[in-house]
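All chains are identified by letter, namely A, B and C, in their written order; residue positions are counted from 1 within each chain.
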């Protein structure tokens, strides 16, 4: 029986690869947009504008304080109620982009605030504009603190993307769920699902570790 | 009290202790100096086996430190060790730092240990700082607490590994004063330091090391004014210009 | 939207919500205790002198960290029955949450222990403290101080992660929102109420985290 199911599973492999592609599409799109939005929010969060700062802070808290599954349901079921019809795929991308932006915002703000204030003062003293201070002095230094946790966060977000299977996005997890109805070998089916996630996540985890090591070496040299 | 006989030690290919022979008597104060990487810290770290030696005999208070079977706990309890970077326990107060070993190793009662700890802190001039955490103390004060921590075990020997080199200049003397008092009370001490004033005042002998070897052993007056070896002359000319 | 927001339905379902909130709390609490125990054991194994023991723990930690919790949950939910092991859903859920968070706790504890400067251990050795005394009085109290914040952070993640148990039809907070959606088609009332309950837990744990940090005065030394 086991070998029969195994060959069945091998035959389903193209289906799994389609799911893998969907996982990559959902998380890739969300990561790109989430990174851009997260950087903008993070820069504002580290700025001196109190109102914007606390608005973003409150939003980040709301998102960090609730499960991603609940957020996905809210986007998918509630936005149509106020006139925004959404397919599962865009709903998933919106929810994951927002989640990514919130986590990345905190990482970016932390990185900017970790740059010694003397750096900003020196930049201001030499007549650089606020934008120039940020672009040439603050951000390049902040990147050292930002980069390792940023890549680590990407791993978490790729894994979180599995949750969108709950609204019917046919990603790797959903493919596993559908397959297990037909091939009742949960260990085998979800073993394969696990391996496919591992293929995406493990290199990212290693990259994050390497960055962490390299960045600390640079920091101690300074 | 302490006796090195043909002691050798390697870190990989690096010969950090090269055929060391040295006798230190009870009540004697010996200063060890030399350029960085000369093996002087390793020399004293071997005495309580923070570093094991690979060849030769090392006998401390009639106990064989070179023998792997020797139980080091008892020997370590009798040797106070002062680190360059203090290594105070940051989660304990000054009093907690000085009483933990007496309570846990010597099994002294807590009240007794605290009385002794308070007395010892007073002895290093920090009677009023018993409740302070290391982070609330200056470097000089932290190092004096570290010395009190060593003294609370009523040690027979005190070892100092560059005790003042992590300190700001204005704090060096408060630590050296405590060490001078200790020396005058007859404590057996080996001190790795470049503080020549201290060496002149209390050391009986100065041991000069370079590249893992003992190059010269002489009384401080003689060593500082008429060193025999060229390497010692070079070394002294460098630290004197500072 | 607010004028159509039906507070009466929320009141009507409040007993169900409270019951589900309690379920979320105890499911999380049991998993948290389990995860801490697994984490301590896995960390001790990871730091063991024996290569094999350390390697086994490493494989466990890495495979958990590079796959999503939802895939792990399905792995047990569909996999255990195919091995002939039938467990109540709640037990399967707790098992998955425990093993998942356990791997993260192992890494948090390891980071805490390894962050203690070696000089601290040497000072302990020099004053004659034995291995267990050094662990008990010097390493662990400091490691606890360093790890209390990430530990509470992981506890927040664990509570949120428990929402995934709704997908294997365990009655808990997120499931309550799903019921309100399917019974009455009121997703806004359903999921926003669910979110509010999670936020209560989040803000409580977050303020404990802030408070504990202020109390650990000695941390300034690092």
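The working rule: contacts are C-beta pairs under 8 Å (C-beta built on N, C-alpha and C of every residue); 3 or more make two chains touch, one makes a residue touch a chain.
These numbers come from a predicted model, not from an experiment.
Engineer: My parser should flag the chain pair with the most contacts; which pair should that be?
Structural biologist: Top of the contact-pair ranking: A-C.
Engineer: Measuring centre to centre, with centres taken as mean CA positions, what chain is farthest from chain B?
Structural biologist: In terms of C-alpha centroids, the chain at the greatest distance from chain B is A.
Engineer: Compute per-chain Cα centres, compare each with the mean of all protein Cα atoms, and return the closest chain.
Structural biologist: C
Engineer: Centroid from C-alpha atoms only, then distance chain A to chain C, rounded to Å. What do you get?
Structural biologist: 20
Engineer: Distance from the CA centroid of chain B to that of chain C, rounded to the nearest Å?
Structural biologist: Averaging C-alpha atoms per chain gives centres 47 Å apart.
Engineer: Counting in whole Å, what is the centre-to-centre distance of chain A and chain B, each centre being its mean C-alpha position?
Structural biologist: 53
Engineer: In their shared complex, at which residues does chain A touch chain C?
Structural biologist: Result: residues 61-62, 64-71, 73-74, 77-78, 81-82, 155, 159-163, 165-166, 172-173, 176-177, 180, 184-191, 193-194, 197-198, 201-202, 205 of chain A touch chain C.
Engineer: Touching chain B in the complex: which residues of chain C?
Structural biologist: Contact set of chain C toward chain B: 117, 119-120, 122-123, 125-130, 133, 137-138, 141-142, 145, 217-222.
Engineer: Over in the complex, which chain B residues touch chain C? Could you list them?
Structural biologist: Those in contact with chain C are residues 48, 50, 72-74, 76-77, 79-81, 83, 85, 87-92, 100-101, 104-105, 133-135, 149-150, 153.
Engineer: Spell out the part of chain C that touches chain A in their complex, as residue ranges.
Structural biologist: 1, 62-63, 65-72, 74-83, 156, 160-164, 166-167, 174, 177-178, 181, 187-188, 191-192, 194-195, 198-199, 201-203, 206
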